[in-house]
Amino acid sequence: LRTGFPEVIWGQGKTTNQIAQIIEVMRSRSVSERESRNPVVMATRIEPEVYSELQLKIPDLKYYASARICALVPPQLEPQYHGTISIISAGTADLPVAEEAAITAELCGFGVKRLWDVGVAGIHRLLSNRHVLTEANVLIVVAGMEGALASVVAGLADCPVIAVPTSIGYGASFGGLAPLLTMLNSCAAGVGVVNIDNGFGAAILAGQILRTADKLSNSGFKQD
Amino acid sequence: LRTGFPEVIWGQGKTTNQIAQIIEVMRSRSVSERESRNPVVMATRIEPEVYSELQLKIPDLKYYASARICALVPPQLEPQYHGTISIISAGTADLPVAEEAAITAELCGFGVKRLWDVGVAGIHRLLSNRHVLTEANVLIVVAGMEGALASVVAGLADCPVIAVPTSIGYGASFGGLAPLLTMLNSCAAGVGVVNIDNGFGAAILAGQILRTADKLSNSGFKQD
Amino acid sequence: LRTGFPEVIWGQGKTTNQIAQIIEVMRSRSVSERESRNPVVMATRIEPEVYSELQLKIPDLKYYASARICALVPPQLEPQYHGTISIISAGTADLPVAEEAAITAELCGFGVKRLWDVGVAGIHRLLSNRHVLTEANVLIVVAGMEGALASVVAGLADCPVIAVPTSIGYGASFGGLAPLLTMLNSCAAGVGVVNIDNGFGAAILAGQILRTADKLSNSGFKQD
Amino acid sequence: LRTGFPEVIWGQGKTTNQIAQIIEVMRSRSVSERESRNPVVMATRIEPEVYSELQLKIPDLKYYASARICALVPPQLEPQYHGTISIISAGTADLPVAEEAAITAELCGFGVKRLWDVGVAGIHRLLSNRHVLTEANVLIVVAGMEGALASVVAGLADCPVIAVPTSIGYGASFGGLAPLLTMLNSCAAGVGVVNIDNGFGAAILAGQILRTADKLSNSGFKQD
Amino acid sequence: LRTGFPEVIWGQGKTTNQIAQIIEVMRSRSVSERESRNPVVMATRIEPEVYSELQLKIPDLKYYASARICALVPPQLEPQYHGTISIISAGTADLPVAEEAAITAELCGFGVKRLWDVGVAGIHRLLSNRHVLTEANVLIVVAGMEGALASVVAGLADCPVIAVPTSIGYGASFGGLAPLLTMLNSCAAGVGVVNIDNGFGAAILAGQILRTADKLSNSGFKQD
Amino acid sequence: LRTGFPEVIWGQGKTTNQIAQIIEVMRSRSVSERESRNPVVMATRIEPEVYSELQLKIPDLKYYASARICALVPPQLEPQYHGTISIISAGTADLPVAEEAAITAELCGFGVKRLWDVGVAGIHRLLSNRHVLTEANVLIVVAGMEGALASVVAGLADCPVIAVPTSIGYGASFGGLAPLLTMLNSCAAGVGVVNIDNGFGAAILAGQILRTADKLSNSGFKQD
Amino acid sequence: LRTGFPEVIWGQGKTTNQIAQIIEVMRSRSVSERESRNPVVMATRIEPEVYSELQLKIPDLKYYASARICALVPPQLEPQYHGTISIISAGTADLPVAEEAAITAELCGFGVKRLWDVGVAGIHRLLSNRHVLTEANVLIVVAGMEGALASVVAGLADCPVIAVPTSIGYGASFGGLAPLLTMLNSCAAGVGVVNIDNGFGAAILAGQILRTADKLSNSGFKQD
Amino acid sequence: LRTGFPEVIWGQGKTTNQIAQIIEVMRSRSVSERESRNPVVMATRIEPEVYSELQLKIPDLKYYASARICALVPPQLEPQYHGTISIISAGTADLPVAEEAAITAELCGFGVKRLWDVGVAGIHRLLSNRHVLTEANVLIVVAGMEGALASVVAGLADCPVIAVPTSIGYGASFGGLAPLLTMLNSCAAGVGVVNIDNGFGAAILAGQILRTADKLSNSGFKQD
């Protein structure tokens, strides 16, 4: 991955042994390289049973159940960049994907605000939380079914919006195709879409956006 | 078609001669049958050039350009049923489909309210017209691109909602597939979807809904 | 959901604990608000095993096995609106979806008539029950395989028709895509389509249609 | 093609010159071979303008405009096989495909009965012509939009049914995909489906079916 | 189903109890009606475990394991119609579908010839069995993967060809879509296609074809 | 659109008259509101012939032919934000989309660097321009055919990457579906995808990202 | 492109001016570089009208009409590699793609054998030309409609087979998707598939295969 | 299969008994025919549990776990042809498909070089192994997710490239459709694509390519 981000393992389709081994290799590499300012090692798509086995081999491995992520984390994990990633989700069933985004962002050193269960069927809940949208530096919108939330949020917000379609739904949702197309065709401009259920990817993109701000500032552009 | 609705010709893929001939056949049938309380004859999907030719053959044929509909209409055409069909559209380019719905409904004897250009990218315009939603007896929502408007409207309204996806859009809209899937997966329950660009079908369904109310009332159900 | 409808939980993809908890929250909210004229709480897509566990926690929870719905229901549940929702299904395997529509409608306070197993392969069965179609105020048609029943019914009936494609079939049915497309392209106008297997959504839309009549009457339109 | 059938050219995507040349080659081959009992040469998918040019080069070439077929035909063309192919179509716009089937069958030496415009939206027209179905030896059903006619016919008839989906329709018809899937998933068993708009192929299959009877009889099976 | 064919139950998605019950209902109906010349009752898509349970309830129920069909059959089951249905399959894995066609045809009273494992990858095996093709009265071709066998057979044979795509394959076979499209686009005319894996439907169509011959003969057409 | 961005018209599917009228309305609104720091009015998807007509009505309207954009622009148009948007395209045919992104970004007040024709078939051209990637603050990657460029760039760069699939290609490109899927499945994390051919949307998203830096700086976060 | 192959321009979507300019640039580059052993410059997808204009600017530009290719060719163009590329096509309409492959291969310095119009509907024509298959060093199979020819050829031949699906067909051919899937699922192993209508790509791959042989021989592997 | 290749069984969807039986039949046939220069018998898609059972029946059966292949192999298995097949894979999860290709090629008597885990997200790993590409005689590229590796490799290499898309990925990968389309649309010419996950087919095609060189040499073409 990119400089300064944690080492990440995609857990899906790997055996417990493989995952454990890669985690330890990454841990030692992080340590030896030293220069890493964020010696976090994380794995996504880890089911509870897999974590139970991993924990026996790596006792200091932490588990974020709702995000299905496990990680080696330093004692205190605090935001290392300015700005906040606000994550908004439509329904209860979208939670695992939304949390994958949230925990990934936090493990990468970013500040996160969560706003769950504000689907457009009851739009007043979203509207009464408009400050979350207006105060955000970057927004991640997680929604399944028809995925309309992304368009509505992008219409209300004035910052970059990252849309994550989820596979939540049935029938003509076709495994997340419906919200994916919705988000790609958003009538509100300025929405970047990631793969279905890809909370991880959304967090990395959001992180890159906040780091861009950091770098631009560091290069002194506000001196003039 | 059903009792009491006008005679309708689907103009697409028919020659001008065929259309003119069917119109005259239908006119004479309407006249001879007499009992028809709505002797309207209409044709949908009529391009301006086709109308120019039709007009030469049938001078009293009226044209509704934005709806691409032409019709034989009685001198005064007034609502013959109680209640109102409110039609809401997302963007300027959806107008032809929205007007197809509106003119069809009016020719069928229903009162129509129009609310154009209230797409979710600028949701305040929709919200500042909430009375249109709350006062409606039936709602028709016409939207292309991602079609998110239908979900938002269904979440705000408390009446039957008919959703019409349009083929307006490009790329991953796939000719209207995107808003079609959006509307079918609406997280707000109680939305009935018709074919892409089918303003006509939406108006007929809306009309049936208002006639149901009429019939139920006529059968005296409020006497008790 | 909309005013006057029951509180509804979409059971699919939720744990038994989550469902039990939401039911109790909704029960207390219904009670405290009081003004609710229909203090029903219901959950759809509940498999028998899930109900077995739920019942231990909520002894007064009722189960409608064929509809996969469980609900808290008042002692006597009687129609609270005028008119009838007639539900027609094509084959034995479509029953769960048809019953999901029927039970939902009844729990929402509507009168329901059922006509099962009248697929178009033996159209005489449908034709010898034509009175069900002509007497209906709203029709829900549930069909899998090729879904042709919706077109035939819409051609015979003179009231709003709601079509529910089901995932029953195999091969080129593609999980319900075949009947979905059939229903969207119905050559008989005035058919509103809901998502594949969405008996619940069909019932809500049908309910809204019957309530429209009620509201129009209450607003005194028949006085003149 | 098979023994005893006419020589056929698929006109689509060929130049007028190519078509004219192939027709003459086939004519001379037919003549020289002599033994052919059906010296017909035909070309399908011929637009009127193409025929105008062909006629200049081959004055005795006949044109069947509604079927878009041109052919060299012997002075009197009479059925050469027992039995009848009954062809049923749903809407006016399906006519070219239905006629392609009808003219092909006649040029191949089969007796044809036509029943046009009996779509399921007005099923009474089909039912009042039930004798066409019950008297048929083979049925060809031509329908676009949702294609439900094939299932209804197969449920009523007691003979082989060949279903031809057409590209007539719009939106979610997806160029004929909707009626194609409908016909493949027909809940009435015993329906064979051909390609979208393939009236020609349906006629050839129907012809083979009638010839099977002829051959079985000739092989003396009724002697016992 | 149609006159003279057995009563058939589609076993897929039915419980053992439901199947057992329907079989007994059909048996008594067959007996009471008497006029049935073929008192066979059959059920398709019956897995071995389901049959084990059914057998306990209906001891005289016979099982055709490779066809996944169980049936009540009269002591001797002999062809009742003239002519033969020849069934050709491409690969070993297509066997269940090919046998579903074969057993269905036999239970319906037709003579069947089987030619298994003659896929086009080794076309010599097909060519050295050409007599099967030339002697056939009707052909059923069963093939998965790319389904090319149907085109080749139709090119060699001179009788009606029914093509059955199977879901055998992987990857870009997309559950049988590949052979389905192959068969619909067959460059050899006169192929009727049924649904993916629908051996049953192919047999019924083939049976109708042979019965057409029978009826035409009985109506005395060979007297002249 | 969002605060501080120009007024934008989507030209596709609008008549010349409609476009001219909207431009003038927007011009007067911009002037009257005054507070706008960027009084640019622009229209996308304008073909040369349309511009020829527009120019007659609005003489000061400028045309960017390769981008198919026309705009009212202030005398000098200079970057108003810090940082640079680097735009990379794969092939010559992708140019219109890449320029749509570039001109949009410039009209919005952002600095732009262009790197054209660096498709992965000749990856050395991309590699010898690596400084463009490493110096970028935001990257827009425009590619048709298989769209592999986005993954390669995202793997090399350390900033947010916005991927724009184009409809350039043929056959199994399916109008841009191929590069769209490629970009959504990018094995390099942190890629946000916009609709096929949507250069405009990519530029707006990139602009939002650079403005995030500006805002964060303004809010004084670097003071500490 | 690769070493030793001609310079190639993809003509589709380029203006005549652009094409003429690129040809001249490539000509001078070829000349100046000298070391090129094959100073051919070619452009594919050139319609006749485009060539007419090009010829005015570049008089020595040659046109291969059936292949839609134009090229600068040295006085005598002779095979420069051992072995032969045999190209087989199914129908007349596939000719342009088959010739694109043939002319490309010849311009690249390879010997080509053509076998046209041997579709599987009349498999005897293919079988009576079996020597073409058995003598080939590489085979290119070009077929539209259902594309079955590739499987049959691969089953008969004992050399690498490159399959080119074409967009020839209609209806469920879906622009070449049908033969594409057929070829990808070929039951005969060892078939490499290129994009729909991509005769050019097939020729390049075939050329690489013959060059591999050349290189292996040159590296002296037959000395032992 | 073709002359000189091993006998191969496609294990998927066959019972252990069927596989064991076919292996033994093939072994005896190989022995009796004698002339076979490569008496290898192999089966693909064999899960570990299946092998455990097979081993009991056929003790000398060898298992290649990572390739899911089992085989009867001669004591020493050495390359029998000149040249090398280099196999390149993108990610850890693509290993089973890559090994299926590798082991198949080795069992067929070809020399194999492996280069694993060189996905384009970290393109430096591929670039620092460029010698593998430049030294290869034939390349097989195995990649899932977006499959971009194939285009990059084809752009760098100068030999035939065979691309194998894998089903590794999720969401909009649609079971391997994404990399399949990527590879078919490769902007680098000369890539032949096989079915999703079809490592076996890629190896056979690669083998045919190397054998072409052998045959051309044997036919003496280097004598001159």
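Here are a few things to note about the model shown:
In order of appearance the chains are A, B, C, D, E, F, G and H, and numbering begins at 1 in each one.
Just so it is clear, a residue touches a chain if its C-beta (ideal position, glycine included) is under 8 Å from a C-beta of that chain, and two chains touch if they have at least 3 such contacts.
Everything numeric here is computed off the predicted structure, so don't read it as measured data.
Looking at subunit E and subunit G, the chains in contact with each of them are D, H. Between subunit C and subunit H, the least number of touching-chain steps is 2. Number of steps on the shortest path from subunit D to subunit G, with steps defined by chain touch: 1. By residue number, over half of the contacts seen at E-G repeat in one listed pair from E-H, C-D or D-G, namely C-D. The distance from the centre of subunit B to the centre of subunit G, each centre being the mean of the chain's C-alpha atoms, comes to 53 Å. In this assembly, the C-alpha centroid of subunit C lies 37 Å from the C-alpha centroid of subunit E. Chain geometry summary: the mean Cα position of subunit C and that of subunit G are 59 Å apart.
Computed centre separation for the pair subunit B/subunit C is 26 angstrom, with centres defined by C-alpha atoms. Counting partner chains per residue, subunit C shows two or more touched chains at residues 171-173, 177, 180, 184-185, 189, 195.
Listed by chain label, the pairs that touch are A-B, A-C, A-F, A-H, B-C, B-D, B-F, C-D, C-E, D-E, D-G, E-G, E-H, F-G, F-H, G-H. Subunit A meets subunit F in the complex at residues 1-3, 8, 82-83, 137-138, 158-162, 180, 184-185, 189-195, 200-201, 204-205, 207-218, 221-222.
Residue ranges on subunit G touching subunit F, taken from their complex, read 10, 12-14, 18, 165, 167, 175-177, 180, 195-198. On the side of subunit A, the complex with subunit B involves touching residues 90-91, 119-123, 127, 145-148, 151-152, 154-156, 169, 171-174, 177-179, 181-189. Here subunit H touches subunit A in the complex through residues 92-93, 168, 170-173, going by the rule given at the top.
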